[in-house]
């Protein structure tokens, strides 16, 4: 999974998949990989949420 | 069956065959082989569907 | 019957005979042999049809 | 009747006789024998036809 | 009347007589006998014709 | 009149008499008898003609 | 100039001013409004600097004093509010007496305070702050920020001593939905003189963290307590933050300006905490719902695709059977046509044979008939004709001869008187000899005359 993916992007992609499926825009050939991608997105978000972050980094402001 | 054939291609070919049969455009000499091909395509498509379903079920069970 | 004859060829020959008979282009001396040939062609075609049907039944039943 | 005579030959001879008779090219002395020949040819042809018909019936019935 | 005389011979003799008459080659002394001969020939011819007709009728009736 | 005399002979004698008369070759003293002979011949011939005609008529009527 | 000027001592003048002031203002008291500019306390006495302004320009300024006994009385009456009211910057409604002291000059002695006026003033000021922020385009800056879907990294600004602060932390860490938050705490005073400065500093500090949001909490308090969050400086600081700010100031009725400026406001710190974890919960359930819908839809797609094939085989069977049936009937039709064609050919030939025989017989009969009825009778007739003709010619010939005989018969001439002359039985026309002296015979009807020729005349 791309490390840069935000929760918003993941959810949006997931919802995009839902819409495509419901509009029957997904070919049977792509069905398994599409579902797998959806699953991956969900898992990615869950794991990201569960991930432990020690503390919040202070950012050096350029001013 | 050619491994490269996608489900969509197989379905499209199958539909072409069904149409030809419907329009009686198939010669007797080719009828058996045409039906055999159609049957092969059906089996191929069904196996593709089964395979896809199995993959999706795996995700469902895990989820 | 020649084993190499396709159904279409047999049918075409048969149609030729039918046409000749209808146009009365067959001499009496050849009439019996012509009809015999036609009958042979019909039987050949029928056996081909039966054979094709059986093959297809086998394919479809299996499917 | 000569056994070797084909139907066409017999018919052709018969038609020759008819033509000669109609053109009055037959001498009175030969008239009776000519008509007799014609009758013989007709009978021969008819038997040929019957024979052909029987053969065809046999072929067709079998079919 | 000679039994061997054909119709054609009889007719030919008859016509010879007519020609002779036309050419006035018949003497008065022979005239009566000549006419008698001619008449005899005509009668012979007619019987021949009748005979032929009967023969033909016989052939046809039998046919 | 001699019964053996044919029409031709009678006619020929008659014509000889006429010729002699025309040539005045008949002696005065034979003149009368010659003329009488001529008349006798004419009558004879005429009866012969009549007789022949009757015979022919008889033949033809009968035919 | 003249030296005889009338003059007073300063004491005389001051005494006179005091006398006039006392006579005019005396022991009377007045309700006066003014802004508290400065406050000093000394020996239990409050020394105030009051001012008034019109359009931002000072129009009056005066010292005022609340004596210790009065302070104690007001503290007893107003309680905590007394301290809140006497914050510099507040506009106050005082009951005062005018006091003139020969040495310290003119001042006011505050006898009483009406807090209701100040609250109205607070509201007025609040309104002005809002208007200013609006003018400066700061009011909606935060609102325009996108609030992250998940706010897991939180910078908390507030006073750790307050119950609201503790409630917030407890709620975040002890709920059943999501607790994996990372919290960077930045403690700050939320009341007192230094509150504004400290809060601003704390907010700026908080903005330095790579967090998802800043939470500003204050666990409730009186109207005057919360008035600090109406402060323009604090609000401007909030508006200029990079991170979205969530407030949980903890009041139930009125909102403070900080709430308006903040991205999102909640009534209590607990509500902020709930908002944060419920948002995660919602996100999770959205994910799950999405996945469920995907799976359901995918399986349904598969099911309908699979169903398509249950019929395909039926169609295939149907269609190929149709084709076979067609071909079969075509063969039957051909066979029939062959039979019909053959029968026609045979029938035609039979008819042809019959016709040929009939033609033969008719032609033969015709021949016979012609010969019999025309040719032979014609010959016969011709013969009779010729014979008759022959006889007729002979008859004519005979007649001719008969006539000739009659004409040539000399005896006939004699009868009518003619004579025939001859010499030696030769007719005179034929005679070639010597006539003279010859005997001439002359024949008549009755007799013959004999004479001798004597003379010939030509």
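Going by the order they are written in, the chains are A, B, C, D, E, F and G; count residues from 1 in each one.
The definition used in the following text is that a contact is a pair of C-beta atoms (placed from the backbone, for glycine too) under 8 Å apart; a residue touches a chain by one contact, two chains touch by 3 or more.
Just so it is clear, the structure is predicted and the values come from calculations on it, not from any experiment.
> Looking at chain D with chain E, do both copies bring the same residues to the contact (over half shared) or different ones?
Under half shared, hence different.
> If you tally the C-beta contacts for C-G and for C-D, which one comes out higher?
C-G
> If I average the CA coordinates per chain, which chain comes out farthest from chain F?
Between chain F and the rest, the longest centre separation is with A.
> Rounded to the nearest whole Å, what is the centre-to-centre distance of chain C and chain F, using the mean of the C-alpha atoms as each centre?
Their C-alpha centroids are separated by 99 Å.
> Cα centroid separation between chain E and chain F, in whole Å?
The mean C-alpha positions of chain E and chain F differ by 34 Å.
> Residues of chain C touching 2+ other chains?
Where chain C meets two or more other chains at a single residue, that happens at 11, 28, 31, 35, 39, 42, 49, 52, 56, 60, 63.
> Hunt down the residues of chain G that sit against at least two other chains at once, touch-wise.
291, 295, 298, 302, 305, 313, 316, 320, 324, 327, 335, 338, 342, 346, 349, 357, 361, 364, 368, 371, 380, 384, 387, 391, 394
> Give every touching pair of chains, nothing left out.
A-B, A-G, B-C, B-G, C-D, C-G, D-E, D-G, E-F, E-G, F-G
> So in the complex, the part of chain D that touches chain E is made up of which residues?
Chain D reaches chain E through residues 27-29, 31-32, 35-36, 39, 42-43.
> Which bits of chain G are touching chain C when the two form their complex?
Within the complex, chain G touches chain C at residues 313, 316-317, 320-321, 324, 327-328, 330-331, 334-335, 337-338, 341-342, 344-346, 348-349.
> Flag every residue of chain D that touches chain G in the complex, lowest number first.
My answer: residues 11, 14-15, 17-18, 21-22, 24, 26, 28, 31-32, 34-35, 38-39, 42, 45-46, 49, 52-53, 56, 60, 63.
> Under the touch definition given earlier, write down the residues of chain G that touch chain E in their complex.
Counting only chain G, the residues touching chain E are 357, 361, 364-365, 368, 371-372, 376, 379-380, 382-384, 386-387, 390-391, 393-394.
> What part of chain G is in contact with chain F in the complex they form?
It comes out as residues 380, 384, 387-388, 391, 394-395, 397-398, 401-402, 404-405, 408-411, 420, 422, 425, 427, 429-430, 441, 443.
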